[in-house]
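Working notes for the structure below.
Residue numbering begins at 1 within each chain, and the chains themselves are lettered A, B, C and D in the order written.
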Amino acid sequence: MPGYGDNKEAVKVRLRRIEGQIRGLQRMVDEDAYCIDVLTQVSAATKALQSLSLVLMDDHLSHCVAEAAAEGGKVADQKIAEASAAIARLVKS
Amino acid sequence: MPGYGDNKEAVKVRLRRIEGQIRGLQRMVDEDAYCIDVLTQVSAATKALQSLSLVLMDDHLSHCVAEAAAEGGKVADQKIAEASAAIARLVKS
Amino acid sequence: MPGYGDNKEAVKVRLRRIEGQIRGLQRMVDEDAYCIDVLTQVSAATKALQSLSLVLMDDHLSHCVAEAAAEGGKVADQKIAEASAAIARLVKS
Amino acid sequence: MPGYGDNKEAVKVRLRRIEGQIRGLQRMVDEDAYCIDVLTQVSAATKALQSLSLVLMDDHLSHCVAEAAAEGGKVADQKIAEASAAIARLVKS
């Protein structure tokens, strides 16, 4: 089970909502909506994805990383290096 | 015609691709994909949205803002204040 | 005169405050402050720089870009391409 | 000893370099440097702070969080909640 196992439905609801935002953006562009209105919706979808990533990262640290760290050794080091790399991708995206 | 008028098809292609990424994420979560793999895809979708926002902003500055600035007066000031607010939302999202 | 000409003192005050934050960080590290406290201060300094960049960008659009756009022609196009590139650097940093 | 204990000198070198960037920015503003050149340097300093924050976070996860997780219990949960909150501040700054 992945770290987000207990939140799976909530994660899926968030993703469906984000999919709705992206479809809404396609309609706006189809209807020649004003640039700033499109940009505002792009910022909202970006924030929703960022917020989802923080939920997923918290779940990952609380479950996968915590369990690996409890076991210790090479697996623990590897999980933490992997989490740090994912945090770097989030911060830079 | 909005600032992205000449790039409308390209903007729609980008949005369809991002919609595909979000649907892909829903499948990954359904299949209990590993947290880090999900997070990597969330970062990729976030970067794609960010990149789209930069295209839209460049189009907006090149057309809507440039035209308003050429006219000058209150409309110009207003368009620039509006663009600055949108830039702030992008930088903070 | 640069776009921030009228705000020069305010920009300098902000930069001095950020310099103070960076020196404060050096003291914290010297005194072996707790990682999370150091990270909180790094986030605060990052936000202060980001906020300064939005002020500078607004001044630049309101003055340099607006004036170039009013003149039109190649200079206008160039100023807008240059502003878009700077916005991209801000969004990605 | 904080998580960055083994990297303390490297962290201090990075902070001194960032302090130098901020002082350089003050000189640029004093000399009425062109907005875009100032903005480029602000982006560079922001990136340097962001990069430092990723080093500090990796050290924190590798030491403080890993040790707390190995012990388990409430302290582990608390350390992970605290790290998640710090990651959220980084992603949003």
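Going forward, a contact is a pair of C-beta atoms (placed from the backbone, for glycine too) under 8 Å apart; a residue touches a chain by one contact, two chains touch by 3 or more.
Given the structure is predicted, the values throughout are model-derived calculations rather than measurements.
Student: What is the shortest path, in steps, from chain A to chain C when you may only step between chains that touch?
Tutor: Tracing touching chains, the least step count from chain A to chain C comes to 2.
Student: Indicate whether more than half of the residue numbers at the chain A-chain D interface occur in both copies; give same if so and different if not.
Tutor: Chain A and chain D contact each other through largely matching residue numbers.
Student: Calculate how many whole Å lie between the centre of chain C and the centre of chain D, each centre taken as the average of the chain's C-alpha atoms.
Tutor: One centre to the other, that is 17 Å.
Student: Take the average of all CA coordinates in chain A, do the same for chain D, and state the distance between these two points in whole angstrom.
Tutor: Going by mean C-alpha positions, chain A sits 22 Å from chain D.
Student: Where the centres are mean C-alpha positions, what is the separation of chain B from chain D, in Å?
Tutor: It comes to 28 Å between the two C-alpha centres.
Student: Return the residues of chain A touching two or more other chains; collapse runs of consecutive numbers into ranges.
Tutor: Counting only residues that touch two or more other chains, chain A contributes 50, 53, 57, 83, 90, 92.
Student: Going by the touch rule set out above, what shape does the chain contact graph take here: line, ring, star, complete or other?
Tutor: Basically the chains close up into a ring.
Student: Please list each pair of chains that are touching.
Tutor: Touch list across chains, by label: A-B, A-D, B-C, C-D.
Student: Looking at the complex, which residues from chain B come into contact with chain C?
Tutor: Checking each residue of chain B against chain C gives 50, 53-54, 57-58, 61-62, 65-66, 69-70, 72, 76-77, 80-81, 83-84, 87-88, 90-92.
Student: Which part of chain B faces chain A closely enough to touch in the complex?
Tutor: 1-5, 8, 11-12, 15-16, 18-19, 22-23, 25-26, 29-30, 32-36, 38-40, 42-47, 49-50, 52-53, 56-57, 59-60, 64, 82-83, 86, 89-90, 93
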